[in-house]
Amino acid sequence: MVLDVTWTVKWLTLCAQAMAEHRVELIELDRAIGDSDHGENMDRGFQAVLDKLSESPPETPGAALKLTAMTLMSKVGGAAGPLYGTAFLRAATSLGDAAEIDPAAWAGALTAARDGIVARGKAELGDKTMVDAWTPAAEAAGKAAGNGSTDPLTVLVAAAEAAEAGAVATDPLVARKGRASYLGERSAGHRDPGAASTALLLRAAVKAAA
Amino acid sequence: MVLDVTWTVKWLTLCAQAMAEHRVELIELDRAIGDSDHGENMDRGFQAVLDKLSESPPETPGAALKLTAMTLMSKVGGAAGPLYGTAFLRAATSLGDAAEIDPAAWAGALTAARDGIVARGKAELGDKTMVDAWTPAAEAAGKAAGNGSTDPLTVLVAAAEAAEAGAVATDPLVARKGRASYLGERSAGHRDPGAASTALLLRAAVKAAA
Amino acid sequence: MKKLINDPKSVVDESVQGFGQAHSDLVSVNSDPIFVTRKDAPVSGKVGLVSGGGSGHEPLHAGFVGKGMLDAAVPGAVFTSPTPDQILPATLAANSGAGVVHIVKNYTGDVLNFETAAELAEGEGVNVRTVLVNDDVAVEDSLYTAGRRGVGGTVLVEKIAGAAAERGDDLDAVAAIGERVNSNVRTMGVALTACTVPHAGKPSFDLAEDEIEIGIGIHGEPGRHRIPMENADGITDRLLEPVLSDLGVTSGDKVLLFVNGMGGTPLSELYIVYRRAAQVLADRGAAVERSLVGNYITSLEMQGCSISVLRLDDELTGLWDAPVHTAALRWGL
Amino acid sequence: MKKLINDPKSVVDESVQGFGQAHSDLVSVNSDPIFVTRKDAPVSGKVGLVSGGGSGHEPLHAGFVGKGMLDAAVPGAVFTSPTPDQILPATLAANSGAGVVHIVKNYTGDVLNFETAAELAEGEGVNVRTVLVNDDVAVEDSLYTAGRRGVGGTVLVEKIAGAAAERGDDLDAVAAIGERVNSNVRTMGVALTACTVPHAGKPSFDLAEDEIEIGIGIHGEPGRHRIPMENADGITDRLLEPVLSDLGVTSGDKVLLFVNGMGGTPLSELYIVYRRAAQVLADRGAAVERSLVGNYITSLEMQGCSISVLRLDDELTGLWDAPVHTAALRWGL
């Protein structure tokens, strides 16, 4: 398995599929501690990404992610739009013109994405945001790549599993950033929608390689 | 039993009591085919009548009914206020200054009341309004008085029973006057609230004499 | 029942008091009996305009008291027309000597109470004319009923007759303008939910999650018939068709389109209805020259709307455009 | 879910279209991307005012576009802040060369999207200043959260900064006035019922028949805490106390009292709340010099209200009184 532009487009297609499939679930998570729009926003955004991808097929993984970034910025809105937009943009920049993504590059892209989100949103780990999924994902990918794994799948799986665990770990937290923070203690006991969507996106990356 | 001013005040007091007790029931009847206010209006009106009666105790049955008329006019509002106001006013006029109400006078008062309602509201028998209770009541009282009965109770009972039957008979009718008429066929199958309150008022007259 | 109230019995008193305080530059509130007058009433030489009816339709009528519209408003209990002992002093307060027009929605209670008050006012030397508003096309067979109800058109009658009074028309002329508006306006409404009268404590009718009431009035009474829920365009068509055919709107007509919220429907939805109604009118070749969208004659927190169409002529348009300064309708001042 | 809509996905487009048609004398609507501008934008020499945010708060913001208030409004999806590719062209359309003030409610999404748009606009040579509105005292510990939300105060910032721009203040001065309003206004809200976001199809939270949410925002999010239902005076006191103590209102202060409906509450109830709030303010020795009562910043069909108090000085009062002509707020014109 090589993570080339074909894989990237497949990944993004599976992202769109996941957002459509989990639309209601993400709305429900946001309903509990936010404003009931996260699933709708992500679904709308990734459907637009699909359109863009077929309108102007990208030539490199980086180009695909840049197209995704711009589309999410202009179609998602809310907090998630700029944050995911920034994440995909930073990931694209980190990948540059490379035709393929090797394990280290994937780990680098995730770290860049995470850093972009933190730079935009100023959330810290434990604030009950998507950062709580991106941070362990980037770290796990870095670790898996550092272990010298040359099979991209290992890195993708490590990142996805860490993101999923990170999302689950937001359940007991009290939100300190984003809309859920207004609820104070009442935000505890619910999963952060953005962390949940992050886990879905990174799981889609595994599926695209499977 | 003499139907003097004491009886009249007792009757009006029992009217107030009946309107308070049946307030919710009359609201419910009006809810079905009107605007949910008949019980509230009648209760408010008769509570005000009680206040007035104790403020300025009347000297004759006619004076008591006139006070009631004026109070209902200014406190009930809606369709029922002017209609009941007119009814009590006409009854008062028909009784004049007499100290007591004999059977013929009671029948005459009811007939005057009924005519007053028809004059104001232009409803005919069968239009599913309070006229459907007042008309048989006045007729039954007239008949009982005409039979030479000298016991006022007989006349009161005859009127009350006829009013009750008249109210029940409104159930299947399609309303042609008042707010229920806007429902067309949908008004059938419900008792007219004003006919129901009329029956309660005339039943109170019996209780006052018992 | 959850309402921002203290006691069902004090709803009208407290609400009107608050209204008077919030708009003390515009109105005075008389409390026993309760009625609201224009701060500067009676306006010397001007015909007075008085309207009233049950409460629960806010901003109607008190919200329309002020320059260019009503001189006095008389609020009854919730959904219960006011009594003559309120209407009479309001009428006297509105009378500058030029006489008073009563604008009365066609409900038995309103008609009877205003009739009595008019009689009493005449007895005190005030000339009174009554304009009866009966614009609701939902009421069929009106010969055999209490007749058509007065609904959304009332707002338009009050505005336009108010402008006529303000420009100095005499009593008969103001009444004639009011009647002209009434005979050129038709309305039909829909309820998506019932409302809850405070003293009743429960919804005025029961409606399933997938049903709506077509042809409602403004007192929480059930409508003419019940149908399954439809989309906004479908509902708009259903309301507009009887309005346009009863009014006989034809190509080239100039109209005012009024989409009124029943109190609990978001403004955004009213604009969706407006959009479709404007489309239908355009398809018929009618020109929407003026519009009004918002909650102007309501049924407490009922969800739903009514659509009114008023056929305009140059004079009516001019009177509609004339300055008005009330709590709920204001322009040019 | 029963709504006067055709399709959850077309709610904003159709509603804004209808709005544009109903107010074609005042505004122009751009459809892709969607935003609303003052008919005569950009106004030569005048600082431009642009606001925006998620839809569902109507009449905010499009209802405040017009002379004396906003030059452009940018509606996002329901409860979702708009995107830079909408905000940027709206900003360009509002810019006459004198620069543009963005009025942004303090939500992460709004802040980030407006931030990006401002950056892009600066890149195209437009000077942009941002006024962040964060008047909601329900949000405690704001150091450890995303900070206080922008709620009712937004309407007052838009009106008063709009008047400053209209009188010819320069970019920094208009932004400074906006910030002055923001730092002198506090708000707190209550929900009696939740609202239903069209695409979600069910209420934004579940609330029992005898419970209310205290300290809600305007996006249907649950409030700060939940308490058993109380009467209007009790609820008013609960909302007003934190507002007054946070603002530090003392005897002799002049204030504007704004009772705002969340969309589904009858106007009559808002006046009952107003009455109590005015009483409390009078007891504190504060003078209510101006007031505003109605549905101005809503949460779809939510039942409830918010109370805002703005401390006035002569300049702010003058700017409040200055003529304004928008769909939802109009006087002096």
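The letters A, B, C and D name the chains in turn, as written, and every chain counts its residues from 1.
Methods note: a contact is a pair of C-beta atoms (placed from the backbone, for glycine too) under 8 Å apart; a residue touches a chain by one contact, two chains touch by 3 or more.
Quick caveat: nothing in here was measured; it's all calculated off a predicted structure.
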For subunit B and subunit D, let me know how many angstrom lie between their CA-based centres, rounded off. 54
In whole angstrom, the CA-centroid distance of subunit B from subunit C equals 32
Taking the mean of the C-alpha atoms as each chain's centre, how many Å separate subunit C from subunit D? 29
Would you give the residues of subunit B that are in contact with at least 2 other chains, written as numbers and ranges? none
Touching two or more other chains - residues of subunit C: none
Name the shape of the chain contact graph, picking from line, ring, star, complete and other. line
Which pairs of chains touch, using the document's own definition: A-D, B-C, C-D
In the complex, go through subunit B and note every residue touching subunit C. 27, 31, 33-37, 40-41, 44, 73-83, 120-121, 175-179, 181-184, 186
Residues of subunit D touching subunit A in the complex: 33, 54, 76-85, 107-109, 112-113, 115-116, 138-141, 144-146, 149, 197, 199-200, 202, 204-205, 217, 219-222, 224-225
In the complex, subunit C residues that touch subunit D: 2-7, 11-12, 14-19, 21-23, 55-56, 58-59, 63, 192-193, 209-210, 212, 229, 231-233, 235, 259, 263-276, 278, 288, 291, 293, 295, 298, 300-301, 303-305, 330-333
